[in-house]
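Order of writing sets the chain letters: A, B, C, D, E and F. Residues in each chain are counted from 1.
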């Protein structure tokens, strides 16, 4: 039943003092945590596994080393790979098919963060370019350190960001002009601006403090009823993409099972008895 | 023609100095205005009636007493009632049917605030937990006093908020990370934070000043053409849930009748003559 | 091949020091740039032409004179024309048909700013009422001078804004309560408030500085790959109106052709060689 | 617990030999079952009650007398009432508001047939004009006798059908050209044509045989698990209006509670033991 | 007021015995009415004009000569033009931009048949390949002669039909397997099959009889209230693309103006007096 | 490069006389091809692999043996497994989570038939119950033998069909009353009825002839340009779920790359030269 979380490009640990919290670390500090294909495939596997692991209730995602959460796509590796390489055979329509499949697979890996049934908090620091934005907008909450350098970098390499930023950022941040600005100019923006527009929820003095804050929030969430927490994430994501009418209907169907949980009485009773409730695994 | 507005759990008055404004007050101060079933049924009736009352053009909603706008669901009453009680007969699928019906009816009552054709301004103070958020996001404008204590409290009693908060809050506030944060942690947040993220539009020093500000805004809106005001509310709510293309099309159809109002010439003429226009009832 | 940009109510110039940037100026300063029908028809033509002109990569839109970006609809002209005039023949249903057709044509003209494949930055100053808001929310980025006076003025002339404000403003600004407030009260708001809620992205000390900032941002965007820039605008607008799932799928199809551009290697090579890339026309 | 089903304009009986089946009959044979306002209000109440009555699992709807299922709107009554009367006060925009409210209330009454959680089978005979089509497309299955005369009659009285035909007929029948034909010409069509295009599922020799066939189908459905039957109706209606992706997701959430029913094992066991299963009420 | 309907590639006449009916004929019989760019641009202009011409209430579209309604795209002309020619300059991404713009313009021309506010009946005979299907599914009703030869021909020239067939055919015909079959095999199908699946509504012995039947249906529709007819077309097209809930809401808003027409009383009165009603122009 | 197609529960062969055609056979004839979990997982893998295999252009799916295409879910195996077993631990909300995950995984496996980029033709015979319908509606074309026995069997075992039938059948067949009928009664229907309502496209005298017809259709499709065929399947599925407007837009973006294929000139040239075109792999 105990799952194996040994991966090549990521560290996954379970902090002893934070029950039910998983900490995922991008582990390629030497290259500023830049991503190549094997890495996003692994990322997809990790979050798919965490999603259904009953020992996990909240997840923190960080980058190893002091320099970067991730500098984004490892452009050199990418230019040797299939997406950006001109070596693919076939006419432009056939190349288009290969690109589309490749993009879809890449998108699916990053979407695993959003599809993960448990909340994911991203703690970012240093260079957080391109793919850093794609990944973070698929997460639930974004925190950062004061030294962070953000950029929707894709236009500067001649392409429209296609791994999620353009689809999710307008729904994460309620300032469409700002989204257009940073996506069209690719300019670097910092922690203060990110906080002001609501891209991040908190700014901390160092990487270490950011990670601590993320773990603390994760611990708090992990102490709640997992039935309530997972339902809340699911319904919020569903509602973002649907009419209010549809959102209410979906919520009613969802809760018709969820309200039958024992967690409600556990939570109520603990409230009355002023003690910490415990909840069955999920 | 004069409608009866005597209710058991709510006061509805029509301030003498604010023509066309209705003031609805939740009237269970002893229990911090906590809701039980009879109350939300009444709330639904009140707003359905106000919606079509030609003597009403704007509505203010407040809570009686100094302690709370509303502390939310009266958990004790609820635990004796059908939703959270384990006494319902039948297998889990049959229980699910009963819960779903019950949730739908509850949602409909709260949605009456959104469906009300006249704008609704909510003035909140003190404890404003759980259902307070569900109700306020169904309203048009939210104001609060400095002492307010907000919380999306539902995860703390083991359930996902299902009366509207999760469907509407992501569309009211353009900061999806903050919505996730407060909905997943159930933490209390205050007036300043609510103002910063755009959950409320104004913060005032006391309950009294908040209510005054709400009445003043309602009076201002009530002085405008009711054709223009009601059309504006309707089209804004429709547009929130549809594509821009659909929004434009719906607007054109709506205004094809609305522009035939006499209010346009009344408004234009009054503007030229520098006097206050009067408009027929609606 | 060189297109003719002589228009009656607008100046279109191409600043010598800003390659690929078009500057469109509303040219009716004497009447505070108030719009009548011939003007919005011309606006539609200008942006349709700029949209496909390969010599243009970014556009700035401003208003002539010191007093106003535009005071909105020229109410006097409008009251003589077909929309607001009671002179139209036929019963209310037939009048409705004429109004609907007229509104649709008017909307199409303003939507040409959104449909324009090149990013549009609006620099606003002075009176920016009614139609000023409709036009600016169809643009990509909004800047303004400190002296600007904004108002969603339509309710004050007895009608619901129907040329785009009510459909687009809730998707531009993530503060639905604020949108309701300004649309229902028609109150004037200034630069600071506009910046705080994210309606504008920058505030400058004078009209001249605002226009300079807009031209600078346009120049920066115009220096990027037009394949990347136009794709980014298109996908962001598409995503605003669709689910994340649909947005990702559309992006994949779009980029299956766009990634085959030479601009990617130009951009990458220039990055390595530390020189400014040049891109083919589009 | 036993509900009262005495109504003024409808007979509701529970055939002794068809357990769990309700038979609703429009009871105004003298006037060919033509509808006026009090009737559709009552229709709405009846189906709302049947929807949650655990003693009901399937419903048959028929019209009293030999001449007509219903000849549609009682035009004389309607012309004296608010929709079509020119007596309503106010300018065209205010009239529009009253009409819209009235239409919405009328639509809600007819939609109660669709919203009813139990399947509804309509057996039609004789004149089945206008409202007959609106009602029948809100039902689940349509049967008719050979003598039936159908017509989407509304254009012949100068209006577009607005109580549901135009919204539902294109989704009931997969022949959009035929829908346009009958809705634009208001021509009468008979049983054979209705069967050929799929508007009805069966044609019978007389009214009596049609009603018998409907009762037989209702009895068959009523003998199945109510958890399965009600879930099937709900998911089919939901899927009609949503993408396949959304349909699958909604189904999964619905069945997460519904599959926990005891009915599955009852059904399986009865199958093995070759006996008729019984199911708890719902 | 009298509009000019002289066109180069189409004949537009107004049959003397069919008041309010326009007859549009594709006029390139020598080349089996095959289309090149100038023709679809003209088609778009014709239907845009007819849409708002108050002297027109229904339209019939046919092809000149005995051989074909239209054999589709004039492939030779097309291969010299911009879409299929390899002569376009630029990298594949730039070519893609040109293709996309070109396809969008082409689609808009054909969509003018759907957007036309008056019903359009297509009478097809002989070769009706490719573009014939695109055009006919944008119309409201399809009739054909016994000798017709239909084919969704596009896959046979190496492309997916992109001018409307693939978007509209699945919504015109309720047999998705058949749509896949004819679109994937490009096989020719005849009148009987077309009738059986509901692609056409009637089959006639000759071209002449088909055109007569179309004119007769158009005359019948043209004798009805234009307010009712145009509303019916609009609401049916809207409903095809939206949920039932949205369809009902849109219908209510539409009819809030349309029901104020004098046509209702004209129609009712004529019915009582057994005479043919006349209706004001629209 | 050559892929391995050895599977435990399916035979996959490549008929020598049908280039580019794959034939997938459900291989559990002894148990009437009833499915258990390992089988649908394998089905998902097979279609995911075929989807991207350039040696495959069309697929035929059949069932081994004479008795059944598939009798559906292996109920015995299912009752021992997780979905229907009461052995799952936890309260109803926790069970619901497990069921939902399980259903989603099951749905994904069946959806692989729809997501497969190559057209899939299903040839059905004998018992084709439950899952047979779910699978076949995810395919593109359905054929059957005269002896086939179809049933949407799920309500007879106390559940709503949740693997795709209820979401897809209403979009495959344009007869919503018939869909309700067969889904609510679980009655068996035969080949003639299936043909009449458009559920199948062809009926053949024996299993062998059905499979031959399917292979012949697959061969025909496989002889066409794979760029055109795959684009056609994709756009048809997309259009089924979106507005016409969205469908046209998506088509334009798709074809902006696809029209750059060499297949267009190959196809055109072959047409002129009256020879069979060959197309590059995809």
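Note that in this section a residue touches a chain if its C-beta (ideal position, glycine included) is under 8 Å from a C-beta of that chain, and two chains touch if they have at least 3 such contacts.
Per UniProt, the chains are A, B, C, D, E, F = Delta(3-5)-Delta(2-4)-dienoyl-CoA isomerase.
Model, not experiment: these values are computed from the prediction.
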Moving step by step through touching chains, the smallest count that connects chain C to chain E is 1
If CA atoms of chain B are superposed on chain C, the rotation in degrees (nearest 5) amounts to 120
Taking shared numbers over all numbers used, above half giving same and below half different, the chain A and chain D interface sides are same
Chain A and chain F have mean C-alpha positions lying a whole-number Å distance apart equal to 34
Averaging C-alpha coordinates per chain, one finds the centres of chain C and chain F separated by a number of Å equal to 47
Within chain C, the set of residues that touch 2 or more other chains is 92, 95-97, 171, 173-175, 198, 227, 240, 245, 249, 253-254, 256-261, 263
The residues of chain E that touch chain C in their complex are 52, 90-97, 101, 117, 227, 230, 257-263, 280, 282
Chain F partner, complex, touching residues on chain D are 119, 140-142, 171-175, 198-201, 217, 220-221, 224-225, 227-229, 231-236, 239-240, 243-245, 247-249, 251-261, 263-268, 271, 279
Listed in rising order, chain F residues that touch chain B in their complex are 92, 95-96, 245
Touching chain B in the complex, chain E uses residues 238, 242, 246, 250, 253-254, 256-257, 260
Residue positions on chain B within touch of chain A in the complex are 75, 79, 83-84, 86, 92, 95-97, 99-100, 103-104, 107, 111, 114, 154-162, 164, 166-168, 170-171, 173-181, 183-187, 197-198, 240-242
